[in-house]
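I'd like to ask you about the structure that follows.
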Amino acid sequence: MTDLRIELPGLQLKNPIMPASGCFGFGREYSNFYDLSKLGAIITKAATGTKRYGNNTPRVAETSSGMLNAIGLQNPGVEKIIASEVPFLSNFDTSIIANIAGSSIEEYVAVAAAFNEAPQVAALELNISCPNVKEGGIQFGTDPLMAAEVTAMVKRVSDLPVYVKLSPNVSNIVEMAKAVEKAGADGLSMINTLTGMQINLKSRKPLLANKTGGLSGQAIKPVAIRMIHDVSQHVSIPIIGMGGVTSAEDVLEFLLAGASAVAVGTANFQNPFVCSELIDELPSILDKYGFSSVSDVIGKGVIV
Amino acid sequence: MIKKVEMLISQRRIIALDTVELTLKNKYISQTARPGQFLHILVEGHSLRRPLSIASINKVAETITVLFKINGPGTKKLSEYKNGMYLDVLGPNGNGFQIEEHDNTILLIGGGIGVPPMYFLGKHLVEQGKKVISILGFQSAGHVFYEDEFEALGRTIIVTNDGSYGEKGFVTDALRLVEDFECYYTCGPLPMLKAVTAKLNDCSGYISLEERMGCGVGACFACVIPTNDHFGYKKICKDGPVFHSKEVSL
Amino acid sequence: MTDLRIELPGLQLKNPIMPASGCFGFGREYSNFYDLSKLGAIITKAATGTKRYGNNTPRVAETSSGMLNAIGLQNPGVEKIIASEVPFLSNFDTSIIANIAGSSIEEYVAVAAAFNEAPQVAALELNISCPNVKEGGIQFGTDPLMAAEVTAMVKRVSDLPVYVKLSPNVSNIVEMAKAVEKAGADGLSMINTLTGMQINLKSRKPLLANKTGGLSGQAIKPVAIRMIHDVSQHVSIPIIGMGGVTSAEDVLEFLLAGASAVAVGTANFQNPFVCSELIDELPSILDKYGFSSVSDVIGKGVIV
Amino acid sequence: MIKKVEMLISQRRIIALDTVELTLKNKYISQTARPGQFLHILVEGHSLRRPLSIASINKVAETITVLFKINGPGTKKLSEYKNGMYLDVLGPNGNGFQIEEHDNTILLIGGGIGVPPMYFLGKHLVEQGKKVISILGFQSAGHVFYEDEFEALGRTIIVTNDGSYGEKGFVTDALRLVEDFECYYTCGPLPMLKAVTAKLNDCSGYISLEERMGCGVGACFACVIPTNDHFGYKKICKDGPVFHSKEVSL
């Protein structure tokens, strides 16, 4: 029997597969498709201090082997999430990782502190890289000093392990990773979306109301693999890898690159069963390539 | 409940300029779909599914019909699918049209590719013994489809933008030709919906909306529309695509 | 008749379509497929001071809607290029843009100076962004000071207009663009490839011998459009746009985003006739979207 | 000269485990291709073309045969193409095998999916009145193909790695079974080519190489191999895929 378990700071995962933030809401819709208890973990949609409406529509566009999104962190606010969404998710035997975002350090800190009151939440994913909001988000994700500061401040107030979600839109991802590791991050989550744009030929305007959006899906997988491979050689905290994961082979590729677990985003839209199917297929793929457990694989592709 | 199903293409017809009708076989969806719901269809080579309204169902033959206009690369590709091939489909998605028991005469207003859901609804209403009047708008004579089908349901007025068939102008220009309806249902391009709801502001009505979608099931917040109560919103894919005309802010 | 002509510093192009550097060699192979005189221009494979062998193989990998390459600037050296390749290309009625690269400012300067002796060359494309060589290349492409310096030094020795080719692997592309504009660049060329990696599941090692490679093709188009759109609003020099161009619609999208001409790379491998076909199809696409000339389109999609 | 052509798939057969034979119709390539040349095939949904050796041609029927093993997503997809569909192909690419007039007895050594070009070559040599001996290596009995076809050309020794058919071991183990050949031609996986060229170091021979390709026509420098003269190189797609065994450094 292939051992799919993996242990990460604050997380005892039965398998390394989890839906990525923003691509699975708070699980309700996908719970109609399969039993969410099957998942290694669930990363919830970003929570902010207060309710946000987000950007105008259109918010998504299709691209070759990918998509652009500019949702703009729409969410009911952290209190409502703790009151209505977390209890729903805690019906399932899986770990809840709460993605948190903000426009200011104060907002991040407030959201992080609020999640201390939600004992069902196992870890925080600190989204310092959302490209689709006017303030905050992206600056935190591209400046190592700001990234370190928000990480340290959140660590100070939070009782939970903190996984910092890195933006790929930087010249030097290793520098970012080291900065947040030093500031106390328990793990990394990478990559968020690449900033992109599509122009509508008819209107002659950017198709998304927000003009730019985040590029996700299979198109960005090579960028994700490269960054995870590089970063894993320079930090000692674990990485939740993501960016285009669609098949069990992709999961293996991310683990080889140095990720310890894998999140699946855009692929849920094509196939709502994708996470469940990946969990089913992973043992035979590991076996095919000569591995007997997930922990056996991690970082095997990394040449030091 | 939305399921992910394989649907056999049992018939493919070009029914008007750039307009394709696909008849799909699937038991579950043919038995459960309601007027106004849509299918979310995976098209090879495309990362996002394409939403298409259900244009009719046949519970006995266990088939579902969709109609679509070739609009971009995804619908182009879908138009090349052949009989005997299978489609990967999520459905039935969304909430259908709400039907008020007490209404007896109903006006259907469909524009272009907004016509298909009107047909499913019209058939359903007639089965329930209601009287249906239809106003269908198309670009030109070549784009007209399903005229006979709608005629079979009740009085049908065809409008073309260029006047090459039926009345000339927009569907709203034809409103003066009908009277005495208790409720209207409409689907079509946004400018048409805006014009219709403005003109029929005093009537009770339901509109079916379109928006670019990610998940199509309510998880990604791609397809929201603000509601008329302050700061509220609805998801078109899950709470809609049908809304009361007063509920959302177009 | 749709007017496809476009005038850029040093270049009077009969149409805005040209093959991208490295994807068309020095034109010989593609001259068997169609008459190269049809092309707006040809950007040649990178020239370095002396002959380079480049990286070990495998040098390319396929990705979803794209590819990775790590050729490593293989070329016969600038003297040989001037002696054997430029004369061949000058048989055709098209503009030659010579792509130049180096490991040091001295090498860039030497290559640029050498091209002064090749009157058939109409412009230089300064490749400060090649991610596939150990030295030089990428540092010049990610540090605005170094980018400005190499640009200024090349401008000092060259008689030709200089188009600086920017790397997308940066946090702030506008800053890079402004730096080289200030240093005297006559135009920009963007984007080069995104750094990526693929791991071979069987060998458990990066598939490319060079480990990382440059991601190109349709996958990166949204990133290219975004960067061109942003940069075109902050500089006044023209942009040669590239990154995933495959169809005449793509050409139009790049022009709307703010490019003044368009280079086609990876698509040549799928379809050796692609540049020729784009030139044929462009008039009807322009017409379809209500334009009567190429110059009419440029930047129409830019919201200031 | 390489042309870009549409090729009709006139026959598709599974001829061994995971091994597919496609017969393709095209006049130009059937009339011009030489043994050792390859086709560069576009597979839907894949950004890079797939190189496949020509396994035989029929000038009368104007067909070309290729054989391939399902190896990854591209060849998997290609294996799903059906009769009557068209392939977008560049060809014929590369230089074929050089045939020395004076050689009379020729040894062909093919390993796995390196067997196909040996067949085209063998047929050609026999037509020219030469004597051909073939050593063909496969993984197991289930992978063996074209045994009868090669038998028709001359003595044929089948080797399987697991011994489930023919001789057990590698093609090099079977070299002791043949003698008196003047030249050898070989194609197969790199370790096999290394072993063969090392073992037959004293013989004149030609090898056909594989490498990951971009353009396939000589423009992108993806597929180079160092030559044995200092600092030189060759492009496998354009200067090869066939080289003299002493020319390149494996």
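Residue numbering begins at 1 within each chain, and the chains themselves are lettered A, B, C and D in the order written.
Here, a residue touches a chain if its C-beta (ideal position, glycine included) is under 8 Å from a C-beta of that chain, and two chains touch if they have at least 3 such contacts.
Remember, it's a predicted structure, so these values are computed and weren't measured experimentally.
Visitor: Starting at chain A, how many touch steps does it take at minimum to reach chain D?
Guide: 2
Visitor: Quick check: how many Å separate the C-alpha centres of chain A and chain B?
Guide: Between these chains, centre-to-centre, one finds 36 Å.
Visitor: Could you give the separation in Å between the centres of chain A and chain C, each centre being the mean of its C-alpha atoms?
Guide: The separation of the two C-alpha centroids amounts to 34 Å.
Visitor: Using Cα averages as centroids, what's the distance between chain B and chain D in whole Å?
Guide: It comes to 55 Å between the two C-alpha centres.
Visitor: Quick check: what residues of chain A touch more than one other chain, meaning two or more?
Guide: In chain A, the residues touching two or more other chains are 63-66, 217-218.
Visitor: Listing for chain D: what residues touch at least two other chains?
Guide: None at all.
Visitor: Name the shape of the chain contact graph, picking from line, ring, star, complete and other.
Guide: ring
Visitor: Which chains are in touch, pair by pair?
Guide: Going through each pair of chains, those in contact are A-B, A-C, B-D, C-D.
Visitor: State the interface residues of chain A toward chain C in the complex, per the touch definition above.
Guide: Those residues of chain A that touch chain C are 63-66, 68, 142, 169-172, 194-199, 201-202, 204-206, 211-213, 215, 217-223, 225-226, 229, 244, 249, 252-253, 256-257, 289, 300-301, 303.
Visitor: Would you mind writing out the residues of chain D in touch with chain B in their complex?
Guide: 44-45
Visitor: Looking at the complex, which residues from chain A come into contact with chain B?
Guide: For this pair, the touching residues of chain A are 22-25, 28-30, 32-33, 45, 51, 53-54, 57-67, 69, 71, 74, 217-218, 266, 268-273.
Visitor: Which residues, counting only chain B, touch chain A once they are in their complex?
Guide: 1-2, 4, 42, 46-49, 74, 90, 211-226, 231, 233, 238
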